[in-house]
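These notes open a run of structures that come right after.
Presented sequentially are two complexes of chain A, the first with chain B as partner and the second with chain C.
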Partner chain A sequence: MKKPARTHRLWLAYMLHRLSGIGLVLFLPIHFWLLSLALTDRAAMADALQFTAHPLVKIAEYGLVFLLAVHLFGGVRLLVLEWARPVSNRWTDVHKTLAAFAVALAFAVSTLFFLRAL
Partner chain B sequence: MTSKDDVLSVSVWRQTDDETGTFQQFDVPRQESQTVLDIVSYIQQNLDSTLTYRFACRVGMCGSCAMMVNGEPRWTCRTHVQKAAVDGKLQIAPLRNLPVIKDLVTDMDPFFDKWTKAEGVHHPSATRHDAIVPVDTTTAQRTIANEGIECINCAICYAACDTVSGNGDYLGPAALQRAWTLVNDERDGGHETVLDAVSQNDGCHNCHSMGSCTHYCPNELNPMKAIAGLKRETAKSWLKW
Partner chain C sequence: MLNLRLYMLQRLTALVMVPLVIGHLAMMIYAIQDGLTVGEILQRTQGSVAWFCFYGLFVVAVSVHGSIGFRVILHEWANLRGRALDLVTLATGIGLLILGSRAVWAVTFAELAS
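Let's turn to the complex of A and B:
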(Lines of atoms letter the chains of each structure in order from A and count residues from 1; the text may use other names and numbers.)
(Lines give C-alpha, C1' and ligand atoms only; values in the text may rest on other atoms or scores of the structure.)
Protein backbone atom coordinates (compact mmCIF):
# COMPACT_ATOMS: atom_id res chain seq x y z
CA MET A 1 0.00 0.00 0.00
CA LYS A 2 1.26 3.49 -0.82
CA LYS A 3 2.47 5.62 2.06
CA PRO A 4 0.96 9.09 2.48
CA ALA A 5 2.71 12.00 0.81
CA ARG A 6 5.17 13.61 3.18
CA THR A 7 6.36 16.52 1.14
CA HIS A 8 4.90 19.17 3.43
CA ARG A 9 7.35 21.49 5.13
CA LEU A 10 6.92 20.54 8.78
CA TRP A 11 7.32 16.83 8.03
CA LEU A 12 10.53 17.58 6.12
CA ALA A 13 11.72 19.72 9.06
CA TYR A 14 10.97 16.79 11.38
CA MET A 15 12.99 14.41 9.17
CA LEU A 16 15.90 16.85 8.84
CA HIS A 17 16.00 17.18 12.64
CA ARG A 18 16.13 13.37 13.05
CA LEU A 19 18.76 12.85 10.35
CA SER A 20 20.97 15.68 11.62
CA GLY A 21 20.66 14.19 15.11
CA ILE A 22 21.77 10.77 13.88
CA GLY A 23 24.63 12.36 11.92
CA LEU A 24 25.84 14.16 15.04
CA VAL A 25 25.58 11.02 17.18
CA LEU A 26 27.80 9.21 14.67
CA PHE A 27 30.30 12.07 14.54
CA LEU A 28 30.59 12.92 18.24
CA PRO A 29 32.47 9.74 19.30
CA ILE A 30 35.15 10.51 16.67
CA HIS A 31 35.26 14.11 17.86
CA PHE A 32 35.71 13.13 21.52
CA TRP A 33 38.29 10.48 20.61
CA LEU A 34 40.28 13.13 18.74
CA LEU A 35 40.04 15.49 21.73
CA SER A 36 41.17 12.71 24.08
CA LEU A 37 44.39 12.43 22.08
CA ALA A 38 45.37 15.83 23.52
CA LEU A 39 45.75 14.08 26.86
CA THR A 40 47.02 10.67 25.76
CA ASP A 41 49.06 11.07 22.58
CA ARG A 42 49.93 14.57 21.39
CA ALA A 43 51.92 13.41 18.39
CA ALA A 44 48.97 11.35 17.13
CA MET A 45 46.73 14.35 17.63
CA ALA A 46 49.04 16.55 15.56
CA ASP A 47 48.93 13.94 12.78
CA ALA A 48 45.16 13.76 12.97
CA LEU A 49 44.85 17.53 12.83
CA GLN A 50 47.00 17.63 9.69
CA PHE A 51 44.43 15.36 8.12
CA THR A 52 41.86 18.16 8.56
CA ALA A 53 43.79 20.33 6.08
CA HIS A 54 42.61 18.07 3.25
CA PRO A 55 39.98 19.79 1.04
CA LEU A 56 37.63 16.80 1.24
CA VAL A 57 37.73 16.96 5.03
CA LYS A 58 36.93 20.67 4.85
CA ILE A 59 33.87 19.89 2.75
CA ALA A 60 32.88 17.19 5.23
CA GLU A 61 33.29 19.72 8.05
CA TYR A 62 31.02 22.10 6.13
CA GLY A 63 28.40 19.34 6.25
CA LEU A 64 29.02 18.70 9.94
CA VAL A 65 28.66 22.36 10.87
CA PHE A 66 25.44 22.46 8.83
CA LEU A 67 24.12 19.41 10.72
CA LEU A 68 25.05 20.96 14.05
CA ALA A 69 23.53 24.34 13.19
CA VAL A 70 20.34 22.91 11.68
CA HIS A 71 19.88 20.66 14.73
CA LEU A 72 20.45 23.61 17.06
CA PHE A 73 18.09 26.01 15.30
CA GLY A 74 15.59 23.19 14.66
CA GLY A 75 15.69 22.42 18.39
CA VAL A 76 14.98 26.06 19.22
CA ARG A 77 12.08 25.94 16.75
CA LEU A 78 10.63 22.92 18.57
CA LEU A 79 11.03 24.62 21.95
CA VAL A 80 9.12 27.60 20.60
CA LEU A 81 6.47 25.29 19.11
CA GLU A 82 5.93 23.47 22.38
CA TRP A 83 6.49 26.20 24.97
CA ALA A 84 5.41 29.50 23.44
CA ARG A 85 1.76 30.33 23.90
CA PRO A 86 0.30 30.73 20.40
CA VAL A 87 -0.46 34.34 19.60
CA SER A 88 -0.87 34.29 15.84
CA ASN A 89 -4.05 33.17 14.12
CA ARG A 90 -1.79 31.69 11.46
CA TRP A 91 0.12 29.45 13.85
CA THR A 92 0.97 26.74 11.31
CA ASP A 93 2.25 29.30 8.81
CA VAL A 94 4.42 30.84 11.52
CA HIS A 95 5.96 27.45 12.26
CA LYS A 96 6.50 26.68 8.59
CA THR A 97 8.34 30.01 8.35
CA LEU A 98 10.38 29.22 11.47
CA ALA A 99 11.36 25.86 9.96
CA ALA A 100 12.52 27.61 6.80
CA PHE A 101 14.44 30.15 8.89
CA ALA A 102 16.18 27.37 10.81
CA VAL A 103 17.46 25.86 7.57
CA ALA A 104 18.44 29.24 6.13
CA LEU A 105 20.32 30.23 9.30
CA ALA A 106 22.09 26.87 9.42
CA PHE A 107 23.09 27.27 5.79
CA ALA A 108 24.39 30.79 6.46
CA VAL A 109 26.38 29.75 9.53
CA SER A 110 27.92 26.68 7.90
CA THR A 111 28.76 28.53 4.69
CA LEU A 112 30.45 31.27 6.72
CA PHE A 113 32.43 28.59 8.54
CA PHE A 114 33.41 26.99 5.22
CA LEU A 115 34.53 30.29 3.69
CA ARG A 116 36.69 31.02 6.71
CA ALA A 117 38.17 27.52 6.63
CA LEU A 118 39.23 27.82 2.99
CA MET B 1 -17.20 4.98 -28.27
CA THR B 2 -15.44 6.37 -25.22
CA SER B 3 -12.08 8.09 -25.37
CA LYS B 4 -9.33 7.62 -22.80
CA ASP B 5 -10.35 10.88 -21.11
CA ASP B 6 -13.87 9.63 -20.50
CA VAL B 7 -12.77 6.65 -18.46
CA LEU B 8 -10.94 6.63 -15.19
CA SER B 9 -8.63 3.78 -14.29
CA VAL B 10 -9.34 2.94 -10.63
CA SER B 11 -7.58 0.38 -8.49
CA VAL B 12 -9.48 -0.52 -5.36
CA TRP B 13 -8.25 -2.45 -2.35
CA ARG B 14 -10.05 -5.78 -1.91
CA GLN B 15 -9.53 -7.75 1.27
CA THR B 16 -8.89 -11.41 0.45
CA ASP B 17 -8.63 -12.64 4.04
CA ASP B 18 -8.07 -11.23 7.55
CA GLU B 19 -4.42 -10.49 6.92
CA THR B 20 -4.03 -9.31 3.37
CA GLY B 21 -5.62 -8.24 0.14
CA THR B 22 -4.88 -6.98 -3.32
CA PHE B 23 -5.79 -4.11 -5.63
CA GLN B 24 -8.52 -4.76 -8.19
CA GLN B 25 -8.75 -2.76 -11.39
CA PHE B 26 -11.95 -1.03 -12.57
CA ASP B 27 -12.71 1.34 -15.45
CA VAL B 28 -15.23 3.96 -14.39
CA PRO B 29 -16.88 6.49 -16.73
CA ARG B 30 -15.88 10.08 -15.95
CA GLN B 31 -18.51 12.65 -15.12
CA GLU B 32 -18.35 16.31 -14.35
CA SER B 33 -17.87 17.23 -10.65
CA GLN B 34 -17.48 13.56 -9.77
CA THR B 35 -16.24 12.82 -6.26
CA VAL B 36 -14.11 9.88 -5.18
CA LEU B 37 -17.13 8.58 -3.24
CA ASP B 38 -19.16 8.72 -6.48
CA ILE B 39 -16.51 6.49 -8.07
CA VAL B 40 -16.68 3.94 -5.27
CA SER B 41 -20.49 3.99 -5.35
CA TYR B 42 -20.47 3.52 -9.14
CA ILE B 43 -18.26 0.46 -8.79
CA GLN B 44 -20.44 -1.01 -6.06
CA GLN B 45 -23.70 -0.32 -7.92
CA ASN B 46 -22.65 -1.21 -11.46
CA LEU B 47 -19.48 -3.28 -11.56
CA ASP B 48 -19.10 -5.34 -8.38
CA SER B 49 -21.83 -5.40 -5.75
CA THR B 50 -19.57 -7.22 -3.28
CA LEU B 51 -17.40 -4.12 -2.77
CA THR B 52 -17.74 -2.94 0.83
CA TYR B 53 -17.34 0.69 1.86
CA ARG B 54 -18.77 3.08 4.42
CA PHE B 55 -20.50 6.43 3.99
CA ALA B 56 -23.52 8.28 5.31
CA CYS B 57 -24.07 12.01 4.76
CA ARG B 58 -22.15 12.69 1.50
CA VAL B 59 -21.65 16.33 2.52
CA GLY B 60 -18.62 16.28 4.84
CA MET B 61 -20.53 16.21 8.12
CA CYS B 62 -20.47 12.62 9.36
CA GLY B 63 -16.82 11.67 8.94
CA SER B 64 -17.48 8.09 7.84
CA CYS B 65 -16.19 7.98 4.25
CA ALA B 66 -12.47 8.70 4.74
CA MET B 67 -10.14 6.52 2.66
CA MET B 68 -6.62 6.59 1.29
CA VAL B 69 -6.81 8.18 -2.16
CA ASN B 70 -3.62 7.93 -4.20
CA GLY B 71 -1.78 7.37 -0.94
CA GLU B 72 -3.24 10.34 0.93
CA PRO B 73 -6.00 10.25 3.55
CA ARG B 74 -9.03 12.16 2.30
CA TRP B 75 -12.78 12.59 2.91
CA THR B 76 -13.96 10.97 -0.28
CA CYS B 77 -17.36 12.70 -0.42
CA ARG B 78 -15.73 16.13 -0.67
CA THR B 79 -12.75 15.13 -2.79
CA HIS B 80 -13.19 15.80 -6.49
CA VAL B 81 -11.71 13.22 -8.84
CA GLN B 82 -10.35 16.08 -10.91
CA LYS B 83 -8.11 17.11 -8.01
CA ALA B 84 -7.18 13.68 -6.70
CA ALA B 85 -6.52 11.71 -9.91
CA VAL B 86 -2.95 11.47 -11.15
CA ASP B 87 -2.57 10.79 -14.91
CA GLY B 88 -6.20 9.67 -15.07
CA LYS B 89 -5.64 7.10 -12.35
CA LEU B 90 -6.99 6.65 -8.84
CA GLN B 91 -5.86 4.25 -6.18
CA ILE B 92 -8.39 3.82 -3.37
CA ALA B 93 -7.50 1.98 -0.17
CA PRO B 94 -8.81 1.74 3.39
CA LEU B 95 -7.57 4.26 5.96
CA ARG B 96 -4.02 3.66 7.16
CA ASN B 97 -3.20 2.78 10.80
CA LEU B 98 -6.50 0.97 11.41
CA PRO B 99 -7.42 -2.72 11.06
CA VAL B 100 -9.34 -3.51 7.88
CA ILE B 101 -12.68 -5.28 8.27
CA LYS B 102 -13.36 -5.68 4.56
CA ASP B 103 -12.26 -3.84 1.41
CA LEU B 104 -12.51 -0.10 2.20
CA VAL B 105 -14.03 -0.46 5.66
CA THR B 106 -11.74 -0.11 8.66
CA ASP B 107 -12.44 -1.06 12.24
CA MET B 108 -12.76 2.30 14.01
CA ASP B 109 -12.77 0.77 17.52
CA PRO B 110 -9.08 1.47 18.32
CA PHE B 111 -9.61 5.08 17.21
CA PHE B 112 -12.63 5.67 19.46
CA ASP B 113 -11.21 3.63 22.34
CA LYS B 114 -8.39 6.14 22.44
CA TRP B 115 -10.85 9.03 22.76
CA THR B 116 -12.08 7.38 25.95
CA LYS B 117 -8.55 6.62 27.08
CA ALA B 118 -7.63 10.29 26.61
CA GLU B 119 -10.62 11.13 28.85
CA GLY B 120 -12.29 12.71 25.83
CA VAL B 121 -15.65 12.51 27.62
CA HIS B 122 -17.60 15.16 29.48
CA HIS B 123 -16.82 15.43 33.18
CA PRO B 124 -19.83 17.12 34.76
CA SER B 125 -19.19 20.18 36.90
CA ALA B 126 -22.81 20.79 37.82
CA THR B 127 -26.07 18.87 38.12
CA ARG B 128 -29.39 19.31 36.33
CA HIS B 129 -30.68 21.09 39.41
CA ASP B 130 -28.16 23.89 39.08
CA ALA B 131 -28.96 26.99 37.08
CA ILE B 132 -27.50 27.07 33.56
CA VAL B 133 -24.42 29.24 33.57
CA PRO B 134 -24.01 31.21 30.35
CA VAL B 135 -20.76 30.61 28.51
CA ASP B 136 -18.91 33.75 27.53
CA THR B 137 -17.85 32.99 23.94
CA THR B 138 -15.41 35.87 23.80
CA THR B 139 -12.84 34.72 26.38
CA ALA B 140 -9.39 33.62 25.23
CA GLN B 141 -9.93 30.16 26.72
CA ARG B 142 -13.26 29.65 24.96
CA THR B 143 -11.63 30.72 21.68
CA ILE B 144 -9.07 27.95 22.13
CA ALA B 145 -11.80 25.42 22.94
CA ASN B 146 -13.79 26.50 19.87
CA GLU B 147 -10.84 25.82 17.58
CA GLY B 148 -11.25 22.07 18.02
CA ILE B 149 -14.99 21.51 18.24
CA GLU B 150 -15.63 21.07 14.52
CA CYS B 151 -13.88 17.68 14.51
CA ILE B 152 -16.05 15.10 12.69
CA ASN B 153 -14.07 12.03 13.89
CA CYS B 154 -13.15 11.01 10.35
CA ALA B 155 -9.73 9.63 11.48
CA ILE B 156 -7.89 11.28 8.58
CA CYS B 157 -5.37 12.82 11.01
CA TYR B 158 -4.97 9.41 12.66
CA ALA B 159 -4.27 7.81 9.26
CA ALA B 160 -1.81 10.57 8.32
CA CYS B 161 0.23 10.29 11.52
CA ASP B 162 3.56 8.45 11.30
CA THR B 163 3.80 8.39 15.11
CA VAL B 164 0.64 6.28 15.22
CA SER B 165 2.23 3.97 12.62
CA GLY B 166 5.31 3.62 14.80
CA ASN B 167 3.46 3.15 18.10
CA GLY B 168 0.05 1.52 17.83
CA ASP B 169 -0.79 2.57 21.41
CA TYR B 170 -0.21 6.30 20.82
CA LEU B 171 -3.48 8.14 21.47
CA GLY B 172 -3.22 10.03 18.18
CA PRO B 173 -4.12 13.56 17.06
CA ALA B 174 -7.93 13.39 17.19
CA ALA B 175 -8.23 12.06 20.75
CA LEU B 176 -5.60 14.50 21.99
CA GLN B 177 -7.28 17.43 20.30
CA ARG B 178 -10.54 16.44 22.00
CA ALA B 179 -8.68 16.35 25.32
CA TRP B 180 -7.27 19.85 24.68
CA THR B 181 -10.77 21.16 23.90
CA LEU B 182 -12.01 19.81 27.25
CA VAL B 183 -9.07 21.29 29.15
CA ASN B 184 -10.16 24.67 27.79
CA ASP B 185 -13.87 24.15 28.35
CA GLU B 186 -14.98 25.88 31.55
CA ARG B 187 -18.02 23.59 31.80
CA ASP B 188 -15.82 20.51 32.09
CA GLY B 189 -14.98 19.50 35.64
CA GLY B 190 -12.17 17.05 34.84
CA HIS B 191 -9.24 19.18 33.70
CA GLU B 192 -6.75 17.41 35.98
CA THR B 193 -8.13 13.99 35.01
CA VAL B 194 -7.67 14.83 31.33
CA LEU B 195 -4.12 16.15 31.83
CA ASP B 196 -3.24 12.98 33.78
CA ALA B 197 -4.68 10.76 31.03
CA VAL B 198 -2.84 12.47 28.19
CA SER B 199 0.53 12.59 29.97
CA GLN B 200 0.78 8.79 30.27
CA ASN B 201 3.33 6.80 28.24
CA ASP B 202 1.34 6.78 25.02
CA GLY B 203 0.04 10.32 25.37
CA CYS B 204 0.80 13.76 24.00
CA HIS B 205 4.55 13.64 24.67
CA ASN B 206 4.92 10.99 21.94
CA CYS B 207 4.10 13.58 19.28
CA HIS B 208 7.04 14.46 17.04
CA SER B 209 5.33 17.54 15.58
CA MET B 210 5.44 16.24 12.01
CA GLY B 211 2.27 18.19 11.33
CA SER B 212 0.66 15.66 8.97
CA CYS B 213 -2.52 15.75 11.10
CA THR B 214 -2.88 19.47 10.53
CA HIS B 215 -1.78 19.20 6.90
CA TYR B 216 -4.50 16.67 6.05
CA CYS B 217 -7.38 17.69 8.36
CA PRO B 218 -10.29 18.27 5.94
CA ASN B 219 -11.92 20.73 8.34
CA GLU B 220 -8.69 22.71 8.62
CA LEU B 221 -8.41 22.10 12.35
CA ASN B 222 -5.02 22.09 14.03
CA PRO B 223 -4.40 18.95 16.14
CA MET B 224 -0.65 19.67 16.21
CA LYS B 225 -1.31 23.01 17.91
CA ALA B 226 -3.68 21.32 20.36
CA ILE B 227 -1.06 18.69 21.21
CA ALA B 228 1.56 21.42 21.73
CA GLY B 229 -0.90 23.02 24.15
CA LEU B 230 -1.29 19.73 26.02
CA LYS B 231 2.50 19.30 26.19
CA ARG B 232 2.76 22.78 27.70
CA GLU B 233 -0.04 22.35 30.22
CA THR B 234 1.00 18.84 31.33
CA ALA B 235 4.61 19.98 31.76
CA LYS B 236 3.49 23.04 33.74
CA SER B 237 1.23 20.86 35.86
CA TRP B 238 4.15 18.48 36.54
CA LEU B 239 6.45 21.37 37.41
CA LYS B 240 3.66 22.84 39.59
CA TRP B 241 4.24 26.09 37.72
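Let's turn to the complex of A and C:
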Protein backbone atom coordinates (compact mmCIF):
# COMPACT_ATOMS: atom_id res chain seq x y z
CA MET A 1 0.00 0.00 0.00
CA LYS A 2 1.23 3.49 -0.84
CA LYS A 3 2.31 5.50 2.22
CA PRO A 4 0.31 8.68 2.89
CA ALA A 5 2.13 11.82 1.68
CA ARG A 6 2.38 13.21 5.19
CA THR A 7 4.61 10.42 6.38
CA HIS A 8 6.87 10.82 3.37
CA ARG A 9 10.31 12.06 4.35
CA LEU A 10 10.37 14.71 1.63
CA TRP A 11 6.97 16.03 2.75
CA LEU A 12 8.43 16.43 6.24
CA ALA A 13 11.45 18.21 4.75
CA TYR A 14 9.12 20.55 2.84
CA MET A 15 7.13 21.30 6.00
CA LEU A 16 10.28 21.85 8.06
CA HIS A 17 11.59 24.30 5.43
CA ARG A 18 8.32 26.19 5.44
CA LEU A 19 7.91 26.33 9.23
CA SER A 20 11.55 27.32 9.76
CA GLY A 21 11.08 30.11 7.18
CA ILE A 22 8.02 31.44 9.03
CA GLY A 23 9.87 31.24 12.34
CA LEU A 24 12.82 33.19 10.95
CA VAL A 25 10.68 35.91 9.34
CA LEU A 26 8.85 36.39 12.66
CA PHE A 27 12.06 36.42 14.67
CA LEU A 28 13.97 38.88 12.46
CA PRO A 29 12.13 42.06 13.56
CA ILE A 30 12.96 41.25 17.21
CA HIS A 31 16.57 40.54 16.29
CA PHE A 32 16.85 43.83 14.34
CA TRP A 33 15.11 45.80 17.08
CA LEU A 34 17.55 44.48 19.71
CA LEU A 35 20.57 45.50 17.61
CA SER A 36 19.05 48.93 16.94
CA LEU A 37 19.12 49.57 20.67
CA ALA A 38 22.86 50.21 20.17
CA LEU A 39 21.70 53.42 18.53
CA THR A 40 19.00 54.47 20.96
CA ASP A 41 19.40 52.81 24.35
CA ARG A 42 22.62 50.97 25.18
CA ALA A 43 21.48 50.18 28.73
CA ALA A 44 18.36 48.43 27.40
CA MET A 45 20.53 46.49 24.94
CA ALA A 46 22.82 45.40 27.78
CA ASP A 47 19.75 44.29 29.78
CA ALA A 48 18.42 42.32 26.83
CA LEU A 49 21.79 40.61 26.34
CA GLN A 50 21.90 39.84 30.06
CA PHE A 51 18.55 38.13 29.61
CA THR A 52 20.15 35.72 27.11
CA ALA A 53 22.17 34.20 29.98
CA HIS A 54 18.97 32.57 31.26
CA PRO A 55 18.93 28.80 30.55
CA LEU A 56 15.48 28.93 28.95
CA VAL A 57 16.60 31.70 26.59
CA LYS A 58 19.65 29.62 25.69
CA ILE A 59 17.36 26.74 24.76
CA ALA A 60 15.24 29.14 22.67
CA GLU A 61 18.43 30.36 20.95
CA TYR A 62 19.39 26.75 20.29
CA GLY A 63 16.03 26.36 18.54
CA LEU A 64 16.53 29.52 16.50
CA VAL A 65 20.01 28.50 15.38
CA PHE A 66 18.58 25.11 14.41
CA LEU A 67 15.85 26.84 12.36
CA LEU A 68 18.44 28.97 10.55
CA ALA A 69 20.74 26.01 9.89
CA VAL A 70 17.96 23.68 8.75
CA HIS A 71 16.57 26.40 6.44
CA LEU A 72 20.05 26.87 4.98
CA PHE A 73 20.85 23.20 4.37
CA GLY A 74 17.28 22.38 3.35
CA GLY A 75 17.36 25.37 1.00
CA VAL A 76 20.57 24.18 -0.64
CA ARG A 77 18.87 20.82 -1.20
CA LEU A 78 15.94 22.59 -2.87
CA LEU A 79 18.26 24.56 -5.16
CA VAL A 80 19.87 21.27 -6.18
CA LEU A 81 16.43 19.72 -6.69
CA GLU A 82 15.27 22.55 -8.93
CA TRP A 83 18.41 23.35 -10.87
CA ALA A 84 20.41 20.16 -11.12
CA ARG A 85 19.45 17.55 -13.68
CA PRO A 86 18.15 14.23 -12.43
CA VAL A 87 21.06 11.87 -12.80
CA SER A 88 19.20 8.63 -12.33
CA ASN A 89 15.85 7.09 -11.64
CA ARG A 90 16.89 6.96 -8.01
CA TRP A 91 16.60 10.76 -7.77
CA THR A 92 13.96 10.61 -5.01
CA ASP A 93 16.20 8.37 -2.93
CA VAL A 94 19.06 10.83 -3.39
CA HIS A 95 16.82 13.61 -2.12
CA LYS A 96 15.62 11.61 0.84
CA THR A 97 19.26 11.12 1.80
CA LEU A 98 20.04 14.82 1.25
CA ALA A 99 17.01 15.84 3.34
CA ALA A 100 18.12 13.63 6.22
CA PHE A 101 21.66 14.96 5.82
CA ALA A 102 20.38 18.57 5.97
CA VAL A 103 18.58 17.92 9.26
CA ALA A 104 21.57 16.09 10.73
CA LEU A 105 23.94 18.90 9.73
CA ALA A 106 21.59 21.53 11.17
CA PHE A 107 21.36 19.55 14.38
CA ALA A 108 25.17 19.31 14.58
CA VAL A 109 25.70 23.03 13.94
CA SER A 110 23.03 24.18 16.40
CA THR A 111 24.22 21.73 19.07
CA LEU A 112 27.76 23.05 18.69
CA PHE A 113 26.35 26.55 19.23
CA PHE A 114 24.37 25.39 22.27
CA LEU A 115 27.34 23.65 23.86
CA ARG A 116 29.46 26.77 23.50
CA ALA A 117 26.62 28.92 24.86
CA LEU A 118 26.38 26.85 28.05
CA MET B 1 1.00 34.41 -7.56
CA LEU B 2 4.71 33.97 -8.27
CA ASN B 3 5.79 35.33 -11.62
CA LEU B 4 9.15 34.48 -13.14
CA ARG B 5 10.77 37.61 -11.72
CA LEU B 6 9.71 36.85 -8.14
CA TYR B 7 10.70 33.20 -8.54
CA MET B 8 14.16 34.14 -9.82
CA LEU B 9 14.61 36.81 -7.14
CA GLN B 10 13.74 34.23 -4.49
CA ARG B 11 16.35 31.77 -5.80
CA LEU B 12 19.00 34.43 -6.47
CA THR B 13 18.73 35.81 -2.93
CA ALA B 14 18.87 32.24 -1.61
CA LEU B 15 22.15 31.70 -3.48
CA VAL B 16 23.57 35.00 -2.24
CA MET B 17 22.68 34.10 1.34
CA VAL B 18 24.29 30.63 1.36
CA PRO B 19 27.78 31.97 2.20
CA LEU B 20 26.31 34.76 4.34
CA VAL B 21 24.36 32.36 6.56
CA ILE B 22 27.38 30.06 6.86
CA GLY B 23 29.44 33.10 7.93
CA HIS B 24 26.74 34.20 10.37
CA LEU B 25 26.50 30.72 11.91
CA ALA B 26 30.28 30.54 12.26
CA MET B 27 30.35 34.00 13.85
CA MET B 28 27.60 33.05 16.33
CA ILE B 29 29.37 29.85 17.33
CA TYR B 30 32.63 31.77 17.74
CA ALA B 31 31.13 34.74 19.64
CA ILE B 32 28.64 33.04 21.96
CA GLN B 33 31.20 31.57 24.34
CA ASP B 34 31.24 33.43 27.71
CA GLY B 35 28.06 35.28 26.73
CA LEU B 36 27.58 38.41 24.67
CA THR B 37 28.04 42.00 25.75
CA VAL B 38 27.26 45.29 24.01
CA GLY B 39 30.93 46.25 24.12
CA GLU B 40 32.02 42.95 22.57
CA ILE B 41 29.54 43.25 19.68
CA LEU B 42 30.33 46.89 18.95
CA GLN B 43 34.07 46.38 19.22
CA ARG B 44 33.83 43.90 16.38
CA THR B 45 31.45 45.81 14.15
CA GLN B 46 31.93 49.52 14.76
CA GLY B 47 33.63 51.34 11.92
CA SER B 48 34.01 48.11 9.94
CA VAL B 49 33.34 48.47 6.24
CA ALA B 50 33.58 44.69 5.86
CA TRP B 51 30.83 43.97 8.43
CA PHE B 52 28.75 46.82 7.05
CA CYS B 53 28.89 45.25 3.57
CA PHE B 54 28.39 41.71 4.89
CA TYR B 55 25.33 42.50 7.01
CA GLY B 56 24.07 45.20 4.61
CA LEU B 57 23.93 42.67 1.77
CA PHE B 58 22.44 40.11 4.18
CA VAL B 59 19.61 42.50 5.14
CA VAL B 60 18.77 43.34 1.51
CA ALA B 61 18.78 39.66 0.52
CA VAL B 62 16.75 38.49 3.51
CA SER B 63 14.15 41.24 3.01
CA VAL B 64 13.56 40.12 -0.57
CA HIS B 65 13.77 36.39 0.21
CA GLY B 66 11.65 36.50 3.36
CA SER B 67 8.89 38.62 1.88
CA ILE B 68 8.55 36.40 -1.21
CA GLY B 69 8.60 33.24 0.91
CA PHE B 70 5.98 34.71 3.20
CA ARG B 71 3.93 35.61 0.11
CA VAL B 72 3.87 32.01 -1.09
CA ILE B 73 2.81 30.72 2.33
CA LEU B 74 0.09 33.36 2.78
CA HIS B 75 -1.27 32.52 -0.65
CA GLU B 76 -1.29 28.78 -0.09
CA TRP B 77 -2.34 28.63 3.54
CA ALA B 78 -4.38 31.80 4.08
CA ASN B 79 -5.76 32.01 0.55
CA LEU B 80 -4.61 35.61 0.28
CA ARG B 81 -4.52 36.89 -3.30
CA GLY B 82 -4.46 39.89 -5.60
CA ARG B 83 -3.82 43.34 -4.23
CA ALA B 84 -3.91 42.27 -0.56
CA LEU B 85 -1.20 39.69 -1.25
CA ASP B 86 0.93 42.28 -3.07
CA LEU B 87 0.52 44.76 -0.21
CA VAL B 88 1.48 42.25 2.49
CA THR B 89 4.51 41.15 0.44
CA LEU B 90 5.63 44.75 0.01
CA ALA B 91 5.01 45.66 3.65
CA THR B 92 6.98 42.62 4.84
CA GLY B 93 9.89 43.40 2.51
CA ILE B 94 10.03 47.12 3.29
CA GLY B 95 9.53 46.51 7.02
CA LEU B 96 12.42 44.03 7.16
CA LEU B 97 14.59 46.34 5.04
CA ILE B 98 14.00 49.37 7.28
CA LEU B 99 14.45 47.49 10.58
CA GLY B 100 17.46 45.58 9.26
CA SER B 101 19.20 48.62 7.77
CA ARG B 102 18.72 50.50 11.02
CA ALA B 103 20.24 47.59 12.95
CA VAL B 104 23.27 47.38 10.64
CA TRP B 105 23.78 51.13 10.82
CA ALA B 106 23.42 51.07 14.62
CA VAL B 107 26.25 48.58 15.11
CA THR B 108 28.63 49.88 12.43
CA PHE B 109 28.71 53.62 11.70
CA ALA B 110 25.96 55.30 13.75
CA GLU B 111 28.24 56.47 16.52
CA LEU B 112 31.04 57.54 14.20
CA ALA B 113 28.60 59.54 12.05
CA SER B 114 27.04 61.39 14.97
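We adopt the following convention: the second predicted complex is superposed on the first by the 113 of 118 C-alpha atoms of A that agree within 3 Å, B and C clash if a C-alpha of one lies under 4 Å from a C-alpha of the other, contacts with A are read in each partner's own complex, and residues count from 1 in each chain.
Keep this in mind: a contact is a pair of C-beta atoms (placed from the backbone, for glycine too) under 8 Å apart; a residue touches a chain by one contact, two chains touch by 3 or more.
Everything numeric in this text was worked out from a predicted model, so none of it was measured.
Q: Applying the touch criterion given at the start, work out whether A:Glu82 contacts chain B, chain C, both or neither, answering first, second, both or neither.
A: both
Q: Please work out whether A:Trp11 is in contact with chain B alone, chain C alone, both, or neither, and reply first, second, both or neither.
A: first
Q: Between chain B and chain C, whom does A:Ser36 touch in the aligned arrangement: first, second, both, or neither?
A: second
Q: Does chain C touch more residues of chain A than chain B does, or is it the other way round?
A: C
Q: Mind working out whether A:Gly63 is in touch with chain B, chain C, both or neither, as first, second, both or neither?
A: A:Gly63: touches no partner chain.
Q: Do chain B and chain C touch any of the same residues on chain A, and if so, which?
A: Overlap of chain B and chain C footprints on chain A: residues 82-83.
Q: Could you list, by residue number, the parts of chain B that touch chain A in their complex?
A: Contact set of chain B toward chain A: 13, 68, 70-73, 91, 93, 96, 159-160, 162, 208-212, 214-216, 222, 224-225, 228-229, 231-232.
Q: Mind listing the chain A positions that touch chain C in their complex?
A: Touching chain C from chain A are residues 18, 21-22, 24-25, 28-29, 31-40, 42, 45-46, 49, 52-53, 65, 68-69, 72, 75-76, 79, 82-83, 109, 112-113, 116-117.
Q: Please output the residues of chain C touching chain A within their complex, sorted ascending.
A: Those in contact with chain A are residues 11, 14-15, 17-18, 21-22, 24-25, 28-29, 32-33, 35-38, 41-42, 62, 66, 69-70, 73, 92, 95-96, 99-100, 102-107, 110.
Q: Please output the residues of chain A touching chain B within their complex, sorted ascending.
A: 1-6, 8-11, 14, 78, 81-83, 85-86, 91-92, 95
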